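Presented sequentially are two complexes of chain A, the first with chain B as partner and the second with chain C.
On to the complex of A and B.
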C-alpha cells in the first residue's frame, strides 16, 4: 500500500535522529514498524473501527513535524498560554509534538516528582524505568496506530511520582498544534508515560489545542501505571478544528487499591478518535471514566472505552455524554470485560446522547462480556433531542429560542464539566462550550429545524 | 451472655455457609439434566448421499418437481454461496463446518402421495406422540393446525380444509410451490434476499421444505398455526423455509417447535423464515426451540444457524417471541424491517444455555417508516460452562421521524464457569426519535433464595420460581399451549430431582 510505503520512508528519514537512542528503543521501534507493515491502517471491517473511516489519514502523505522557533507561534496560540490555570504547578509545553523548554515551567516541581520530555529522559537515570514500561502495557489489539506511534514517536511527557508523594497542584501538559508553523500537511506522533509509585496522588491536566487551517494529524499514545494505593485524576481537554485529525489511545494499568479517574472533554475535530483502556490488575482497584464529546458540521468524534476486570472486588464506572449537530457523526463504544474469577465486581456504564439536527448520527455500543457469576453489572444508553416542554418553559419566561437551546445544551454538558477539578478549568471549558455552541449549533440555524410550537 | 451470642453468631455463620453450599449444590443438580427427546425413530429414509455441488441442487429441485423459476433461484443462490465466507463475528467457538459431509435431502420413504392423516406412517405418528405433538389429538381437540416437518419434508398438515373455507392457505412449502406458485414467486426472497448472508444463501440453494401460510385480507385466523420440526436421520442438514404472508388487516399467530435425537456428531440446521405483514396486518410468531443441545461434555448437538426476518408495512405489527433452550450453537437474530409508517416490531426472548452450549442471539429493529416503534425484551440464563450472548441492532434511519425504541436485556448467571455477554448496537440518525437501552447482569439473589426457603420452599423449587419470575415478561407473550411447554422446558433444564 502506498500509504504504508510513505510511512516506511518517513521512518527511514528519521534514522539519523534515532542513532542517538539506546539500542533497546531502536529494536522496539523496528519491531513496531514491522507490526504496522503487517497490520496496515484499520479498515471498517474491523469491529473496533466499524463506524470510523480513517481513509483521510491513510491517504494523506503527512510529513513529520520538525522543531520550530517559538517566535513564530500564532497569536491565538500565544493567547492560549495566558490562561491562569497554567500559572500554578509544573507546566510542560509541546509545540507540534516537540518539547518547548522556553514555554515550559518545570522549576517549581516538588521533590520526588519528575516531569520532563520523554526523549530527553532516556539518557539519564530514568532510562531503566522507561525501558521497563514503554510499550509494555499496550494491549495486543490496540490497533496499528499504536504500532506506528512506537515506530515514529518524536517526543512526549514522562511523569514519575515517588512513593507517597501527594501533589498539591495539577501537572499541566499543553499541546499546541499550530499549522501556521508547519509546511504543508504534517503529523506529530507523541508518546507519554506516567508512572505513579505506591500511595502517590496526582492530578494531570492535558490540554490539546488546534490552530490553523491546514490538515494536521496528531497521534498520541499514553501509558499509565497506577501502583498500589496510588491515585490519579486524569483530565483531557481537547479542542479540534475543521482540519484536525486526532487518533489517541491511553492504556492504564491499575494495581491493588489504586484509583484512576478520567474526565475528558472532546470538542470537535475533522476526526477525533479516543481510546481509553484500563486493566484492573489487582483487587480493590477503582476506575471511573467520564466524559463529554461534541461535534458539528461534518466532524466525527469517536470515544472508545474498555475496562478489563482481571481480579475480584474491583469497581468501574463509565459515564459519557454526547452532543451532535449538523451532519456530525458520533461514535461511542464502551466495553467491560469481567474475567473468570473476578468475583464481586461492580460495573456501571451509561451513555447519553443529544442530537440537535436530523443529519447528525450517533452509533452507540455499550458491551458487557462477563465470565464470573457474583457480579453486578449494568449499562444503559439513551438518545434523544432537547425536550420540547423544557424549551417551551424557557420561551414562556422570555428567553429567545437560541438562548433557550443554548441554556439546555449547556445544562446537558454541565453534568460532566462540573466534575473538572478547578474553578479555572470549569470556566475555561464552559467558555469553550458556549463559544462552540454559539458558533455552530445556534443562530445560523442553517440545518436546525425549529421545534414545533416555538416561533422565533 | 457473650458466650451465648458467640455461639449464636457462630451457628448463623455455619448456616450461611451451609446454605450457600446447598444453593450451589442445588444449582448443580438442577443444571445437570438429560435431554428427553433424544430417541431415534427407525423409519425408512429416502436420502441423498452426502455432498454438495450444483448437481445436488438440480436433483433436489427435480425430486420436488419444481418449476424453472425456483430452480433458477436455487442455482443463483448456490453460485453466490460459493463466493461467500462463513461469518465469524459472533461470540461462538465451533470447528469449521464441513458442508460436504452432510446429506442435503432426507425424507421418510413414502409409497404414494398422502391424502389424509390416516395414511401417514404409524411410526411417524408415534414419534410425534412421543414428542407430545399428537397430530391426531390436536386435529380433534386443541384446535391448533399443525404442519409437521420430519427431517427435510413436511409429513402432515392438519386442519387444512377447515382453514381453506376462510380462504387461509396453510400447507407445506412444497405443496405451496405446486398449488400457489404466484404467491410463492411474489414473496420468496422479498424479505430475506437470496444473497442475504452465508447461511441464508445456503438455505436458498438447498431448502427442502417448510411451511407456507397466507392469510387473506381482513381475516383473523381462528386458530393457532403451528409447525413442528424434527431432525431424525443422521448426517443430514435441515434447511427449511417458512413463508408467512398476512394480507391487509389479517391476523395470525404462528407457533414453531423443534426437537432432534441425541447423536455424537453435530448436525446443521440453517432455516430461513420470512414474514410479510401488509398494511394493518398483525403476525405473532412464537418459537420454542429445543434441538438436542449436545451432552454434558459438549459432544454432539445441533448447530442452529437461522435467519428470521419480517417486513411490516403501514400500521402493521410483527411480534417475535422465542424460548431458546436447545442447540449446541445458536446463531439467530429474528428481525423486523419497519418499512411502513406507524408499524410496530416486538421481540421477546428467553435464551437458556447449559453445559457447553453457546448462544449468540438477539434481534435487529430497522426503523424506516415514520412513527415506528419497537420493543426488545431479552432474558439470558447461563449455567454450566455455557456462553450466552445478546446481540442486537436498533437502527433509526434519517426519515424514520418520531421513532421509538425501548430495549431491555437482562442476564442471570448460575455458576461461576459460564459467561453472559451483551452487545447492543444503537444507530440513530434523527432528532425526533427516542431510543433507550438498558442491560444488567447478576446471579440469583441469595436473599430471594433465603426468603423462599424460609417459607418452606425447597431450594430447587425456589430457583425454578426465581428463574420463571425472571422470564415472566417473555413467557406471558407466548400462546397458552406454548407457555406451558416453555415453562416445562425451562424446568426440565433446571429441575431434576424435584417432581
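On to the complex of A and C.
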C-alpha cells in the first residue's frame, strides 16, 4: 500500500469516532483529506522542505494511537508528571495525543478561562467559536501535513480567554508520547486552538516528551488568535529521542497592539520539524520569537519561522540558537515579509549556531523580503565552534574536557533558557541539556552514561 | 617542587624556548623578567598544558611527576595553577558555579569529599574579602565585562580558593592601579608558606617590592641569560636589557 492509500485507510478506520462530530467538522475533514490526496507528502523539491526528507514518515505505515489506561504509563512518564511546575494553574495532559481526564487538573480554572479537550468542546457552548476558527487561520502553503492533520486529528487543546482576563499562573499542557504503551509504530495527530479575546493576558507552557524506543510520529497543528491588546507568552519545551518524529506547525494571527512571544526549546528527535508563523494583521502588533534547537547523533532539527508584516508600525524579533553535535543536521529558516503598506516596520532577526563536531551541519537562511520603503530591518547568521581559549581556561582550573565542553555548551544555550518564565522551567531545561550533552560528550566506556529520554 | 631541564619548545614554525633550566624548591618565590617576546608566556603556556606548543626536547618534573605528560586539568588537580596574562571572558558561565566545580574536581582528585554550595559560599566570601572583591562581581559570568584590574584580582581570588601548591602568575601586575597592586600582592603573600612555591612573570620591579622574590631570572630570546637575587630586578630597572644582550651574545659565542 502506498503512503497515501495507507492514510485513506486510517481515515476510513476512524469513521466511527467521527460519527458524533458536527457536520461542519466532518465536511472540513473530508475536504482536507482531498487536499492531502492532491498534495501528497512534501518533496525536497519544495523550497520549504529542501533540507528535510520526510521519507521515513511517508514510508512507515503508522497506525493511529488509541486510548490507554493511565496505569500502563511507564515510570519515566510518571516521573515527568511530578515536575513542580505542573502544580499551579490549570493542567491538561495528553497521552499519545489522547486527552487524559485523570491526569489533568482543570477544576481550578478562573472564571472566563476555558481549557479543555478540543474534541469534547464541539458539543458544548464553545462550538460556534471552534467552527469559526478551526482551520481558518492556516496559510494556504502550510504544507500537506496541515491537511492531513485536519483530516485525522484525534484531539488537542482548546483555550479561550474572555475579554480582559489576566491569568496569574501559566496554563500547562503536557504531551506524553510513550511508545512503551503503543502497539507498534504509531502516530498521533493533535490539533490545538487558542483564542485570546481583547486585552487578555496568558502564558501557555507546552511540554512534549518522548519515551520508549519504537518509532513514533507526532503531528501537531496549533492555531492562535491574539486579539486587540491581548498578550500571549507561548513556551514550548520538546524533548525527542532517537526514534521520535515530530512535525509541528503553529500559526498565529495578531490583531492591533497585541503581543505574542514564543520561547521554544527543541531538543533532539530523529526528525523534528517546527514551523512558527505569525501574521501581523493590524497596527502596532509585536511579535517575538526566540528559541533553541539542539541535535546530536544522526538527528535532524528543522526550525522554520515566518512573520508577515501586513500593516504599519508593527515590530518583530527573531532570535534562534542552534547546537549541533556528532553528525546531526540543523536547518534554520527565518523569513520576514514586509508588505507594501507596512511602513514603519521594525524587524530584527538573528540566528547563531554552535557546531560541536566536524560532522555536524547547519543550513541557516534568514530571509528578508521588503516591499515597503520606510522600514528598519536587519538580519544575520553566524556559525562557530567552542572557543579553544575558554576550554583551556576551564581545564586549567581542574575541569575535565567533557565538563568544560558541557559547561560552555550550556552557557551558549543559557541566553535562551534564561528567557523561560519560571525557575522550575529553567532548572528543568538546564537539567535536560546537561544530560543530553553529557550523553554526547562522555567518552566511550564511561559508566555513568544515561540514555536520552530517562529523567534523572 | 618544579624542575625544568633543557626545555626547548616550538610554537608555530619557530623555536621560542631554546633550552630553559629552572629549579624551584618548596616555599621559594622566583621571578622571571625579560623583554616583550622573549618567551615568558610561552613558558607559562607550555607548563600549564595549552595546545599549540611542541616540546622539541627537555623535560619538566613537578613534585616528581612528568608534568608535560599530564592533561591540563590533571596538572591543575595536582596543584599547578596558572594566573593568566589575559584571562578570557566566558559569558553564560557563572563565576561561582565554575569555581565550585573546579574546587570539587580538585578535591575529588585528592580523595576529599565535595564541598556543598553553602560551605563554598562561606569560603568564597572570606577570599573575596581578602581580595577586596565586590560580591556582585563574583555573581557574574566568568570575567564578563570585568575591567582589566578586576580580571587580575579574580585570578588571585581563584588561586586563593583553589590553594595550589605551585602558582605561575603571568603579569599579574599589569593593568593594576596602585591600590589594586597592593591588594593583589597581599593576596599572594598571604598564600606564601613553606610548602607553596611561586613563579612570577613581570616587567616591573615594583611588584617585587611587594612580593619579595628569592630569585630573579632574566629570559632573553628564549634562554635564561642571567639569574640572581632580588637586587637583579633593581639592576634591570636601572640599566634596561642592553647589558643582558651582551651577556647573551657572549654565552652564545661560547
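The rule we apply is simple: the second predicted complex is superposed on the first by the 439 of 456 C-alpha atoms of A that agree within 3 Å, B and C clash if a C-alpha of one lies under 4 Å from a C-alpha of the other, contacts with A are read in each partner's own complex, and residues count from 1 in each chain.
Keep in mind that, in the parts below, contacts are C-beta pairs under 8 Å (C-beta built on N, C-alpha and C of every residue); 3 or more make two chains touch, one makes a residue touch a chain.
Just so it is clear, the structure is predicted and the values come from calculations on it, not from any experiment.
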| item | value |
| --- | --- |
| Partner chain(s) touched by A:375 [first = chain B, second = chain C, both, neither] | first |
| Touched partner set for A:96, first chain B, second chain C, both or neither | neither |
| First, second, both or neither for A:383, with chain B first and chain C second | first |
| Between chain B and chain C, more extensive residue contact with chain A | B |
| Touched partner set for A:192, first chain B, second chain C, both or neither | neither |
| First, second, both or neither for A:299, with chain B first and chain C second | neither |
| Touching partner for A:401 - first (chain B), second (chain C), both, neither | second |
| Touching partner for A:203 - first (chain B), second (chain C), both, neither | neither |
| Partner chain in contact with A:353 - chain B first, chain C second, else both or neither | first |
| Residues of chain A that touch chain B when the two form their complex | 47, 340-341, 343, 353, 355-385, 449 |
| Touching residues on chain B, where the partner in the complex is chain A | 89, 91, 398, 401, 411, 413-443 |
| Chain A-touching residues of chain C, taken from the complex the two chains share | 48-51, 71-73, 75-77, 82, 84, 87-88, 90-93, 98-99, 101-103, 105-106, 109, 141-142, 158, 162 |
| For the chain A and chain C complex, residues of the former touching the latter | 387-390, 392-401, 403-404, 407-408, 410-415 |
